[in-house]
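There are two complexes below, and they share subunit A, which is joined by subunit B in the first and by subunit C in the second.
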Partner chain A sequence: MLTKPVNTLPKTQKKYQLKLPSQAGNLSIIRGLVTKVAAQVGLDADEASKIELAVDEACTNVIKHAYGNSQGQMLDILIKVEKNKLVIIVSDKGKGFNPSRVKTPDLSESIRAGKKGGLGICLMKTLMDKVDFEIKPGLKNQVRMIKYLT
Partner chain B sequence: MEGFEVSQSETGGVSILCLKGYLDAHTAPDLENAIQRLVDKKTYEIVVNFTDLTYISSAGLGVFMGFIEDVRKNGGDIKLTNMKPKIYRVFDLLGFPTLYDILDEQQTAVDRFSKN
Partner chain C sequence: MKGNGKLKRIRQNELSEIAVLTVGGYIEFSTSDELDEILSRLINAGTFKIIIDLANVDYISSRGWSIFLSKIKEIRENKGDLKLIGLTEDVYEVYKVLEFFWFMKVYNSIDEAVEDFDHEVPPMPESGQT
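Right, the complex of A and B next:
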(Lines of atoms letter the chains of each structure in order from A and count residues from 1; the text may use other names and numbers.)
(Lines give C-alpha, C1' and ligand atoms only; values in the text may rest on other atoms or scores of the structure.)
Protein backbone atom coordinates (compact mmCIF):
# COMPACT_ATOMS: atom_id res chain seq x y z
CA MET A 1 0.00 0.00 0.00
CA LEU A 2 1.29 3.40 -0.96
CA THR A 3 1.01 6.18 1.53
CA LYS A 4 1.73 9.81 0.86
CA PRO A 5 4.09 11.46 3.31
CA VAL A 6 2.11 13.78 5.49
CA ASN A 7 3.68 16.76 7.09
CA THR A 8 2.18 16.63 10.53
CA LEU A 9 3.97 19.76 11.69
CA PRO A 10 2.14 23.02 11.25
CA LYS A 11 3.96 25.54 9.05
CA THR A 12 4.58 27.92 11.92
CA GLN A 13 5.59 26.07 15.02
CA LYS A 14 6.03 29.02 17.36
CA LYS A 15 5.45 32.75 17.26
CA TYR A 16 6.91 35.48 19.43
CA GLN A 17 5.77 39.07 19.18
CA LEU A 18 7.14 42.24 20.72
CA LYS A 19 5.42 45.60 20.50
CA LEU A 20 7.57 48.32 21.99
CA PRO A 21 7.88 52.10 21.93
CA SER A 22 10.17 53.07 19.06
CA GLN A 23 13.18 54.02 21.18
CA ALA A 24 16.84 53.06 20.82
CA GLY A 25 16.84 52.21 24.54
CA ASN A 26 14.64 49.21 23.72
CA LEU A 27 17.10 47.65 21.25
CA SER A 28 18.69 45.58 24.03
CA ILE A 29 15.30 44.01 24.88
CA ILE A 30 14.75 43.11 21.23
CA ARG A 31 18.25 41.63 20.90
CA GLY A 32 17.69 39.60 24.06
CA LEU A 33 14.56 37.93 22.67
CA VAL A 34 16.12 37.27 19.26
CA THR A 35 19.19 35.65 20.83
CA LYS A 36 17.04 33.43 23.07
CA VAL A 37 14.82 32.25 20.21
CA ALA A 38 17.86 31.60 17.99
CA ALA A 39 19.40 29.44 20.73
CA GLN A 40 16.12 27.64 21.25
CA VAL A 41 15.94 26.58 17.59
CA GLY A 42 19.47 25.21 17.85
CA LEU A 43 21.51 27.92 16.15
CA ASP A 44 25.02 28.33 17.53
CA ALA A 45 26.23 31.53 19.16
CA ASP A 46 27.86 32.74 15.94
CA GLU A 47 24.68 32.39 13.86
CA ALA A 48 22.58 33.83 16.70
CA SER A 49 24.81 36.91 16.83
CA LYS A 50 24.31 37.50 13.09
CA ILE A 51 20.52 37.44 13.48
CA GLU A 52 20.75 39.64 16.58
CA LEU A 53 22.69 42.26 14.61
CA ALA A 54 20.42 42.09 11.53
CA VAL A 55 17.33 42.65 13.68
CA ASP A 56 19.05 45.49 15.55
CA GLU A 57 19.82 47.16 12.19
CA ALA A 58 16.21 46.77 10.98
CA CYS A 59 14.83 48.23 14.21
CA THR A 60 17.40 51.04 14.27
CA ASN A 61 16.30 52.01 10.75
CA VAL A 62 12.70 52.22 11.91
CA ILE A 63 13.58 54.28 14.99
CA LYS A 64 15.89 56.69 13.14
CA HIS A 65 14.44 56.89 9.65
CA ALA A 66 10.83 55.67 9.54
CA TYR A 67 9.90 57.56 12.70
CA GLY A 68 12.74 60.11 12.68
CA ASN A 69 13.48 59.47 16.38
CA SER A 70 10.04 60.82 17.30
CA GLN A 71 8.52 59.60 20.55
CA GLY A 72 5.15 57.88 20.89
CA GLN A 73 5.53 55.54 17.93
CA MET A 74 5.48 51.77 18.12
CA LEU A 75 7.83 49.16 16.80
CA ASP A 76 6.54 45.68 15.98
CA ILE A 77 8.73 42.58 15.90
CA LEU A 78 7.32 39.19 14.98
CA ILE A 79 9.50 36.08 15.15
CA LYS A 80 8.13 32.93 13.55
CA VAL A 81 9.79 29.59 14.01
CA GLU A 82 8.90 27.48 11.01
CA LYS A 83 9.85 23.96 10.10
CA ASN A 84 13.08 24.86 8.34
CA LYS A 85 13.50 28.56 8.89
CA LEU A 86 13.37 31.46 11.28
CA VAL A 87 11.34 34.37 9.94
CA ILE A 88 11.62 37.80 11.55
CA ILE A 89 9.32 40.61 10.51
CA VAL A 90 9.88 44.19 11.67
CA SER A 91 6.94 46.49 10.98
CA ASP A 92 6.27 50.20 11.35
CA LYS A 93 3.78 52.80 10.20
CA GLY A 94 6.28 55.54 9.51
CA LYS A 95 7.95 57.13 6.54
CA GLY A 96 8.82 54.54 3.95
CA PHE A 97 11.65 54.35 1.48
CA ASN A 98 12.27 52.86 -1.92
CA PRO A 99 14.28 49.66 -1.37
CA SER A 100 15.33 49.55 -5.03
CA ARG A 101 17.15 52.86 -4.56
CA VAL A 102 19.27 51.54 -1.69
CA LYS A 103 22.74 50.96 -3.11
CA THR A 104 25.63 49.01 -1.68
CA PRO A 105 27.50 51.66 0.29
CA ASP A 106 30.87 52.88 -0.95
CA LEU A 107 32.60 53.34 2.39
CA SER A 108 35.36 55.68 1.22
CA GLU A 109 32.79 57.85 -0.57
CA SER A 110 30.56 57.89 2.51
CA ILE A 111 33.47 58.98 4.68
CA ARG A 112 34.44 61.74 2.23
CA ALA A 113 30.82 62.92 2.23
CA GLY A 114 30.76 62.93 6.05
CA LYS A 115 28.05 60.28 6.17
CA LYS A 116 27.74 58.39 9.45
CA GLY A 117 25.23 55.78 8.36
CA GLY A 118 23.70 53.97 5.44
CA LEU A 119 25.26 50.63 6.34
CA GLY A 120 22.31 48.89 8.01
CA ILE A 121 20.53 47.38 5.01
CA CYS A 122 23.81 46.13 3.55
CA LEU A 123 24.56 44.40 6.87
CA MET A 124 21.09 42.88 7.08
CA LYS A 125 21.41 41.41 3.59
CA THR A 126 24.86 40.04 4.36
CA LEU A 127 23.90 38.49 7.68
CA MET A 128 20.57 36.91 6.74
CA ASP A 129 19.71 34.36 4.03
CA LYS A 130 16.91 36.47 2.60
CA VAL A 131 15.67 40.01 3.19
CA ASP A 132 12.70 41.65 1.50
CA PHE A 133 10.70 44.80 1.99
CA GLU A 134 7.08 45.76 1.66
CA ILE A 135 6.68 49.51 1.83
CA LYS A 136 3.37 51.34 2.21
CA PRO A 137 4.38 54.68 3.78
CA GLY A 138 2.21 55.72 6.70
CA LEU A 139 0.20 52.48 6.50
CA LYS A 140 2.58 49.62 7.03
CA ASN A 141 6.22 49.15 6.15
CA GLN A 142 7.66 45.73 6.69
CA VAL A 143 11.08 44.14 6.48
CA ARG A 144 11.07 40.35 6.43
CA MET A 145 14.29 38.52 7.20
CA ILE A 146 14.82 34.79 6.88
CA LYS A 147 17.47 32.49 8.26
CA TYR A 148 17.23 28.91 7.05
CA LEU A 149 17.75 26.20 9.65
CA THR A 150 19.84 23.41 8.23
CA MET B 1 19.74 47.00 30.48
CA GLU B 2 22.93 46.35 28.51
CA GLY B 3 25.23 49.26 29.29
CA PHE B 4 28.11 50.99 27.61
CA GLU B 5 31.10 52.77 29.09
CA VAL B 6 33.92 54.70 27.55
CA SER B 7 36.96 55.63 29.60
CA GLN B 8 39.83 57.85 28.54
CA SER B 9 43.52 57.72 29.38
CA GLU B 10 46.81 58.77 27.83
CA THR B 11 49.91 56.79 26.88
CA GLY B 12 52.97 58.37 25.31
CA GLY B 13 51.02 61.44 24.21
CA VAL B 14 48.34 59.31 22.54
CA SER B 15 44.76 59.38 23.81
CA ILE B 16 43.28 55.97 24.55
CA LEU B 17 39.56 55.34 24.64
CA CYS B 18 38.59 52.01 26.19
CA LEU B 19 35.12 50.78 25.27
CA LYS B 20 33.07 48.43 27.43
CA GLY B 21 29.70 46.79 26.88
CA TYR B 22 27.21 47.30 24.09
CA LEU B 23 27.64 49.93 21.38
CA ASP B 24 24.41 50.48 19.45
CA ALA B 25 22.18 53.35 18.32
CA HIS B 26 21.30 54.04 21.95
CA THR B 27 24.85 54.24 23.25
CA ALA B 28 26.71 55.56 20.16
CA PRO B 29 26.16 59.21 21.24
CA ASP B 30 28.32 58.51 24.34
CA LEU B 31 31.24 57.50 22.12
CA GLU B 32 30.55 60.39 19.79
CA ASN B 33 30.74 62.80 22.72
CA ALA B 34 34.00 61.25 23.96
CA ILE B 35 35.70 61.62 20.56
CA GLN B 36 34.23 65.10 20.09
CA ARG B 37 35.77 66.17 23.41
CA LEU B 38 39.19 65.03 22.18
CA VAL B 39 38.80 66.77 18.82
CA ASP B 40 37.67 69.96 20.57
CA LYS B 41 40.95 69.88 22.49
CA LYS B 42 42.80 69.37 19.17
CA THR B 43 43.77 65.86 20.21
CA TYR B 44 44.08 63.95 16.96
CA GLU B 45 46.14 60.89 17.89
CA ILE B 46 43.51 58.49 19.18
CA VAL B 47 43.54 54.76 19.89
CA VAL B 48 40.26 53.01 20.58
CA ASN B 49 40.64 49.80 22.57
CA PHE B 50 37.79 47.30 22.08
CA THR B 51 38.93 44.66 24.61
CA ASP B 52 35.78 44.87 26.73
CA LEU B 53 33.32 45.63 23.96
CA THR B 54 30.76 42.86 23.69
CA TYR B 55 28.55 44.12 20.88
CA ILE B 56 28.59 46.67 18.06
CA SER B 57 26.05 47.66 15.42
CA SER B 58 26.52 49.93 12.42
CA ALA B 59 25.53 52.91 14.58
CA GLY B 60 28.81 52.37 16.43
CA LEU B 61 30.80 52.09 13.22
CA GLY B 62 29.15 55.29 12.02
CA VAL B 63 30.84 57.22 14.83
CA PHE B 64 34.27 56.38 13.39
CA MET B 65 33.08 57.34 9.90
CA GLY B 66 32.01 60.73 11.17
CA PHE B 67 35.36 61.72 12.69
CA ILE B 68 38.07 60.09 10.61
CA GLU B 69 38.29 62.71 7.84
CA ASP B 70 38.59 65.60 10.26
CA VAL B 71 41.15 63.79 12.42
CA ARG B 72 43.32 62.77 9.44
CA LYS B 73 43.15 66.26 7.91
CA ASN B 74 44.74 67.44 11.14
CA GLY B 75 47.59 64.97 10.88
CA GLY B 76 46.18 62.39 13.25
CA ASP B 77 44.33 59.11 13.06
CA ILE B 78 41.87 56.93 14.94
CA LYS B 79 43.40 53.48 15.30
CA LEU B 80 41.27 50.57 16.47
CA THR B 81 42.66 47.72 18.57
CA ASN B 82 41.97 44.53 20.54
CA MET B 83 38.72 43.54 18.82
CA LYS B 84 37.06 40.21 19.59
CA PRO B 85 36.44 38.18 16.39
CA LYS B 86 32.71 38.88 16.62
CA ILE B 87 33.35 42.65 16.66
CA TYR B 88 36.01 42.52 13.93
CA ARG B 89 33.59 40.64 11.67
CA VAL B 90 31.20 43.61 11.61
CA PHE B 91 34.01 45.99 10.61
CA ASP B 92 35.22 43.48 8.05
CA LEU B 93 31.79 42.91 6.48
CA LEU B 94 31.52 46.63 5.81
CA GLY B 95 35.01 47.05 4.39
CA PHE B 96 36.58 49.01 7.24
CA PRO B 97 39.95 47.16 7.32
CA THR B 98 41.01 48.75 4.03
CA LEU B 99 40.35 52.26 5.30
CA TYR B 100 41.11 52.05 9.02
CA ASP B 101 44.14 50.89 10.93
CA ILE B 102 42.83 47.91 12.89
CA LEU B 103 45.48 46.29 15.08
CA ASP B 104 45.68 43.42 17.54
CA GLU B 105 47.41 45.33 20.32
CA GLN B 106 46.98 48.81 21.78
CA GLN B 107 50.75 49.26 22.18
CA THR B 108 51.34 48.57 18.47
CA ALA B 109 48.93 51.39 17.65
CA VAL B 110 50.62 53.77 20.10
CA ASP B 111 54.05 52.88 18.66
CA ARG B 112 52.80 53.47 15.14
CA PHE B 113 51.93 57.08 16.05
CA SER B 114 55.40 57.74 17.45
CA LYS B 115 57.03 56.39 14.28
CA ASN B 116 55.05 58.71 11.99
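Right, the complex of A and C next:
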Protein backbone atom coordinates (compact mmCIF):
# COMPACT_ATOMS: atom_id res chain seq x y z
CA MET A 1 0.00 0.00 0.00
CA LEU A 2 1.32 3.39 -0.98
CA THR A 3 1.34 6.12 1.57
CA LYS A 4 1.56 9.80 0.95
CA PRO A 5 5.07 11.23 1.33
CA VAL A 6 5.47 13.07 4.57
CA ASN A 7 7.08 16.43 4.47
CA THR A 8 9.77 16.10 7.09
CA LEU A 9 10.56 19.80 7.07
CA PRO A 10 9.05 21.55 10.07
CA LYS A 11 6.69 24.35 9.15
CA THR A 12 8.80 26.97 10.88
CA GLN A 13 12.42 26.48 10.04
CA LYS A 14 13.90 29.35 12.02
CA LYS A 15 12.64 31.84 14.54
CA TYR A 16 14.06 35.12 15.74
CA GLN A 17 12.55 37.10 18.56
CA LEU A 18 13.32 40.55 19.87
CA LYS A 19 11.76 42.13 22.94
CA LEU A 20 12.81 45.74 23.29
CA PRO A 21 11.67 48.82 25.16
CA SER A 22 9.21 50.72 23.03
CA GLN A 23 11.56 53.54 22.01
CA ALA A 24 12.28 55.11 18.67
CA GLY A 25 16.00 54.65 19.29
CA ASN A 26 15.51 50.88 19.04
CA LEU A 27 14.10 50.99 15.53
CA SER A 28 17.58 50.74 14.04
CA ILE A 29 18.22 47.50 15.97
CA ILE A 30 14.98 46.03 14.64
CA ARG A 31 15.79 47.10 11.09
CA GLY A 32 19.24 45.53 11.43
CA LEU A 33 17.75 42.17 12.39
CA VAL A 34 15.23 42.28 9.56
CA THR A 35 17.97 43.03 7.03
CA LYS A 36 20.10 40.13 8.25
CA VAL A 37 17.25 37.62 8.18
CA ALA A 38 16.12 38.81 4.75
CA ALA A 39 19.64 38.30 3.41
CA GLN A 40 19.81 34.85 5.00
CA VAL A 41 16.68 33.71 3.19
CA GLY A 42 18.08 34.96 -0.11
CA LEU A 43 16.09 38.14 -0.62
CA ASP A 44 17.93 40.85 -2.53
CA ALA A 45 18.74 44.25 -1.08
CA ASP A 46 15.70 45.84 -2.71
CA GLU A 47 13.25 43.34 -1.20
CA ALA A 48 15.06 43.50 2.15
CA SER A 49 14.73 47.25 2.17
CA LYS A 50 10.98 47.05 1.57
CA ILE A 51 10.50 44.60 4.44
CA GLU A 52 12.68 46.77 6.65
CA LEU A 53 10.49 49.77 5.92
CA ALA A 54 7.25 47.84 6.53
CA VAL A 55 8.50 46.58 9.90
CA ASP A 56 9.69 50.06 10.82
CA GLU A 57 6.20 51.39 10.08
CA ALA A 58 4.55 48.70 12.22
CA CYS A 59 6.92 49.37 15.14
CA THR A 60 6.52 53.13 14.81
CA ASN A 61 2.75 52.69 15.04
CA VAL A 62 3.18 50.76 18.28
CA ILE A 63 5.51 53.36 19.82
CA LYS A 64 3.44 56.31 18.72
CA HIS A 65 -0.15 55.12 18.75
CA ALA A 66 -0.45 51.94 20.86
CA TYR A 67 1.76 53.27 23.65
CA GLY A 68 1.38 56.98 22.94
CA ASN A 69 5.17 57.51 23.15
CA SER A 70 5.15 56.46 26.80
CA GLN A 71 8.36 54.89 28.10
CA GLY A 72 8.58 51.58 29.94
CA GLN A 73 6.50 49.56 27.50
CA MET A 74 7.71 46.62 25.47
CA LEU A 75 7.74 45.99 21.77
CA ASP A 76 7.81 42.37 20.65
CA ILE A 77 9.03 41.32 17.22
CA LEU A 78 8.93 37.74 16.04
CA ILE A 79 10.41 36.73 12.69
CA LYS A 80 9.64 33.25 11.42
CA VAL A 81 11.32 31.76 8.41
CA GLU A 82 8.93 29.20 6.99
CA LYS A 83 9.24 26.94 4.00
CA ASN A 84 8.05 29.46 1.44
CA LYS A 85 7.55 32.66 3.37
CA LEU A 86 8.91 35.10 5.86
CA VAL A 87 6.43 35.96 8.59
CA ILE A 88 6.99 38.97 10.82
CA ILE A 89 4.74 39.59 13.79
CA VAL A 90 4.88 42.84 15.75
CA SER A 91 2.99 42.69 19.06
CA ASP A 92 2.12 45.15 21.79
CA LYS A 93 -0.18 45.43 24.78
CA GLY A 94 -1.23 48.99 24.20
CA LYS A 95 -4.19 50.84 22.85
CA GLY A 96 -5.72 49.09 19.89
CA PHE A 97 -7.45 50.40 16.81
CA ASN A 98 -10.09 49.19 14.40
CA PRO A 99 -8.26 48.06 11.26
CA SER A 100 -11.47 48.17 9.22
CA ARG A 101 -11.62 51.93 9.81
CA VAL A 102 -8.19 52.52 8.33
CA LYS A 103 -8.77 54.11 4.96
CA THR A 104 -6.51 54.40 1.97
CA PRO A 105 -4.88 57.79 2.44
CA ASP A 106 -6.37 60.62 0.46
CA LEU A 107 -3.36 62.75 -0.44
CA SER A 108 -5.36 65.78 -1.43
CA GLU A 109 -7.23 65.72 1.88
CA SER A 110 -3.96 65.35 3.84
CA ILE A 111 -2.49 68.28 1.92
CA ARG A 112 -5.53 70.43 2.56
CA ALA A 113 -5.53 69.61 6.25
CA GLY A 114 -1.73 69.92 6.54
CA LYS A 115 -1.94 66.49 8.12
CA LYS A 116 1.06 64.41 9.15
CA GLY A 117 0.67 60.67 9.26
CA GLY A 118 -1.80 58.16 7.92
CA LEU A 119 0.53 56.69 5.32
CA GLY A 120 2.12 53.91 7.39
CA ILE A 121 -0.45 51.13 7.04
CA CYS A 122 -0.84 51.87 3.34
CA LEU A 123 2.92 51.49 2.94
CA MET A 124 2.99 48.25 4.93
CA LYS A 125 0.26 46.75 2.78
CA THR A 126 1.97 47.79 -0.42
CA LEU A 127 5.43 46.63 0.55
CA MET A 128 4.44 43.21 1.93
CA ASP A 129 2.48 40.40 0.27
CA LYS A 130 -0.02 40.11 3.12
CA VAL A 131 -0.76 42.16 6.23
CA ASP A 132 -3.36 41.36 8.85
CA PHE A 133 -4.21 42.60 12.29
CA GLU A 134 -5.46 41.01 15.49
CA ILE A 135 -6.52 43.64 17.96
CA LYS A 136 -7.28 43.00 21.63
CA PRO A 137 -6.67 46.38 23.28
CA GLY A 138 -4.65 46.18 26.49
CA LEU A 139 -4.20 42.42 26.08
CA LYS A 140 -2.41 41.83 22.85
CA ASN A 141 -2.47 43.60 19.53
CA GLN A 142 -0.54 42.18 16.67
CA VAL A 143 0.23 42.91 13.09
CA ARG A 144 1.34 39.99 10.98
CA MET A 145 3.22 40.68 7.77
CA ILE A 146 4.09 38.05 5.19
CA LYS A 147 6.55 38.07 2.33
CA TYR A 148 6.41 35.01 0.13
CA LEU A 149 9.75 33.56 -0.91
CA THR A 150 9.70 32.51 -4.53
CA MET B 1 22.22 65.44 15.97
CA LYS B 2 19.38 63.94 17.93
CA GLY B 3 17.63 60.65 17.22
CA ASN B 4 19.58 57.52 16.40
CA GLY B 5 22.43 59.54 14.95
CA LYS B 6 21.81 58.35 11.42
CA LEU B 7 20.33 61.57 10.13
CA LYS B 8 23.82 62.82 9.55
CA ARG B 9 23.39 66.38 8.55
CA ILE B 10 20.95 68.94 7.31
CA ARG B 11 22.62 71.96 5.85
CA GLN B 12 21.11 74.85 4.15
CA ASN B 13 22.41 76.85 1.21
CA GLU B 14 20.69 79.95 0.08
CA LEU B 15 20.63 80.53 -3.67
CA SER B 16 18.92 83.91 -3.51
CA GLU B 17 15.33 83.01 -2.67
CA ILE B 18 15.83 79.27 -3.10
CA ALA B 19 16.87 77.08 -0.19
CA VAL B 20 18.61 73.76 -0.73
CA LEU B 21 18.44 71.30 2.13
CA THR B 22 20.95 68.50 2.02
CA VAL B 23 19.79 65.61 4.11
CA GLY B 24 21.61 62.40 4.97
CA GLY B 25 21.01 59.06 6.65
CA TYR B 26 17.64 57.86 7.86
CA ILE B 27 14.51 59.99 7.99
CA GLU B 28 12.25 58.12 10.33
CA PHE B 29 10.28 58.51 13.52
CA SER B 30 13.17 59.61 15.72
CA THR B 31 14.86 61.91 13.22
CA SER B 32 12.04 63.41 11.19
CA ASP B 33 11.17 66.12 13.72
CA GLU B 34 14.37 67.91 12.83
CA LEU B 35 13.46 68.01 9.15
CA ASP B 36 10.02 69.25 10.16
CA GLU B 37 11.53 72.05 12.26
CA ILE B 38 13.92 73.17 9.54
CA LEU B 39 11.19 73.28 6.92
CA SER B 40 8.96 75.22 9.31
CA ARG B 41 11.78 77.68 10.01
CA LEU B 42 12.32 78.24 6.30
CA ILE B 43 8.63 78.77 5.67
CA ASN B 44 8.28 81.12 8.64
CA ALA B 45 11.24 83.11 7.33
CA GLY B 46 9.46 83.51 4.00
CA THR B 47 11.41 80.97 1.94
CA PHE B 48 8.95 79.06 -0.16
CA LYS B 49 11.18 77.73 -2.91
CA ILE B 50 12.82 74.70 -1.41
CA ILE B 51 14.91 71.91 -2.91
CA ILE B 52 15.62 68.84 -0.81
CA ASP B 53 18.70 66.87 -1.79
CA LEU B 54 18.10 63.25 -0.78
CA ALA B 55 21.20 61.76 -2.42
CA ASN B 56 22.60 60.63 0.92
CA VAL B 57 19.31 59.46 2.36
CA ASP B 58 19.11 55.70 2.75
CA TYR B 59 15.57 55.56 3.94
CA ILE B 60 12.44 57.66 4.46
CA SER B 61 9.61 56.30 6.57
CA SER B 62 6.00 57.39 6.18
CA ARG B 63 6.57 59.97 8.90
CA GLY B 64 9.21 61.65 6.72
CA TRP B 65 6.99 61.61 3.63
CA SER B 66 4.08 62.99 5.61
CA ILE B 67 6.18 65.99 6.62
CA PHE B 68 6.50 66.93 2.94
CA LEU B 69 2.77 66.43 2.62
CA SER B 70 2.00 68.71 5.55
CA LYS B 71 4.09 71.59 4.19
CA ILE B 72 3.20 71.62 0.53
CA LYS B 73 -0.07 73.54 0.84
CA GLU B 74 1.44 76.55 2.60
CA ILE B 75 4.40 76.51 0.24
CA ARG B 76 2.21 76.48 -2.87
CA GLU B 77 -0.11 79.13 -1.46
CA ASN B 78 2.93 81.39 -1.32
CA LYS B 79 3.88 80.68 -4.92
CA GLY B 80 6.67 78.35 -3.96
CA ASP B 81 7.37 74.68 -4.39
CA LEU B 82 9.10 71.76 -2.71
CA LYS B 83 11.27 69.82 -5.12
CA LEU B 84 13.23 66.64 -4.58
CA ILE B 85 16.56 65.67 -6.09
CA GLY B 86 18.97 62.75 -5.79
CA LEU B 87 16.52 60.03 -4.80
CA THR B 88 18.15 56.62 -4.41
CA GLU B 89 16.43 53.64 -5.98
CA ASP B 90 14.87 52.56 -2.66
CA VAL B 91 13.59 56.03 -1.85
CA TYR B 92 12.26 56.49 -5.37
CA GLU B 93 10.41 53.17 -5.07
CA VAL B 94 8.52 54.44 -2.01
CA TYR B 95 7.88 57.78 -3.72
CA LYS B 96 6.13 55.77 -6.46
CA VAL B 97 4.30 53.46 -4.03
CA LEU B 98 2.86 56.47 -2.19
CA GLU B 99 2.07 58.16 -5.51
CA PHE B 100 3.75 61.37 -4.45
CA PHE B 101 4.41 62.05 -8.15
CA TRP B 102 0.92 63.55 -8.24
CA PHE B 103 2.10 66.65 -6.46
CA MET B 104 5.89 66.60 -6.01
CA LYS B 105 8.39 66.39 -8.82
CA VAL B 106 11.84 64.83 -8.70
CA TYR B 107 14.83 66.12 -10.64
CA ASN B 108 18.26 64.86 -11.58
CA SER B 109 20.18 67.90 -10.37
CA ILE B 110 19.93 71.14 -8.42
CA ASP B 111 20.26 73.11 -11.66
CA GLU B 112 17.33 71.26 -13.20
CA ALA B 113 15.19 71.87 -10.11
CA VAL B 114 16.18 75.55 -9.88
CA GLU B 115 15.34 76.08 -13.53
CA ASP B 116 11.92 74.51 -13.06
CA PHE B 117 10.92 77.09 -10.44
CA ASP B 118 10.23 79.30 -13.45
CA HIS B 119 7.56 76.90 -14.63
CA GLU B 120 4.17 76.09 -13.28
CA VAL B 121 4.02 73.75 -10.29
CA PRO B 122 2.13 70.45 -10.66
CA PRO B 123 -1.57 70.78 -9.85
CA MET B 124 -2.73 69.57 -6.46
CA PRO B 125 -4.40 66.16 -6.60
CA GLU B 126 -8.17 66.07 -6.76
CA SER B 127 -9.96 64.80 -3.67
CA GLY B 128 -9.98 60.99 -3.59
CA GLN B 129 -6.82 60.77 -5.65
CA THR B 130 -4.01 58.92 -3.87
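Worth pointing out:
Everything below uses one rule, namely that the second predicted complex is superposed on the first by the 147 of 150 C-alpha atoms of A that agree within 3 Å, B and C clash if a C-alpha of one lies under 4 Å from a C-alpha of the other, contacts with A are read in each partner's own complex, and residues count from 1 in each chain.
By definition in this document, a residue touches a chain if its C-beta (ideal position, glycine included) is under 8 Å from a C-beta of that chain, and two chains touch if they have at least 3 such contacts.
This structure is a prediction, so every number in the text was calculated from the model and none was measured.
Bringing the complexes onto one copy of subunit A puts subunit B in a clash with subunit C.
In the superposition on chain A, contact is made by A:Ser49 with both subunit B and subunit C.
Using the contact criterion defined above for the overlaid structures, shared-chain residue A:Gly72 touches neither subunit B nor subunit C, since it reaches no partner.
Look at A:Glu109: by the touch rule set out above, it reaches subunit C but stays clear of subunit B.
With both structures placed on the common chain, the touch criterion links A:Thr60 to subunit B and to subunit C.
Residues common to the contacts of subunit A with subunit B and with subunit C across the two structures: 24-25, 27-28, 46, 49, 52-53, 56-57, 60, 63-64, 105, 107-108, 110-112, 114-117, 119-120, 122-123, 126-127. Residue ranges of subunit A in contact with subunit C, taken from their complex: 24-25, 27-28, 46, 49-50, 52-53, 56-57, 60, 63-64, 104-112, 114-120, 122-123, 126-127. Only residues 3-4, 6, 26, 28-30, 36, 59, 61-63, 65-67, 69-74, 89-90, 93-94, 97-100, 102-103, 124-130 of subunit C touch subunit A when the two sit together in their complex.
Residue ranges on subunit A touching subunit B, taken from their complex, read 23-25, 27-28, 31, 46, 49, 52-53, 56-57, 60, 63-64, 105, 107-108, 110-112, 114-117, 119-120, 122-123, 126-127.
Those residues of subunit B that touch subunit A in the shared complex are 1-2, 22, 24-26, 55, 57-59, 61-63, 65-66, 68-69, 86, 90, 93-96, 98-99.
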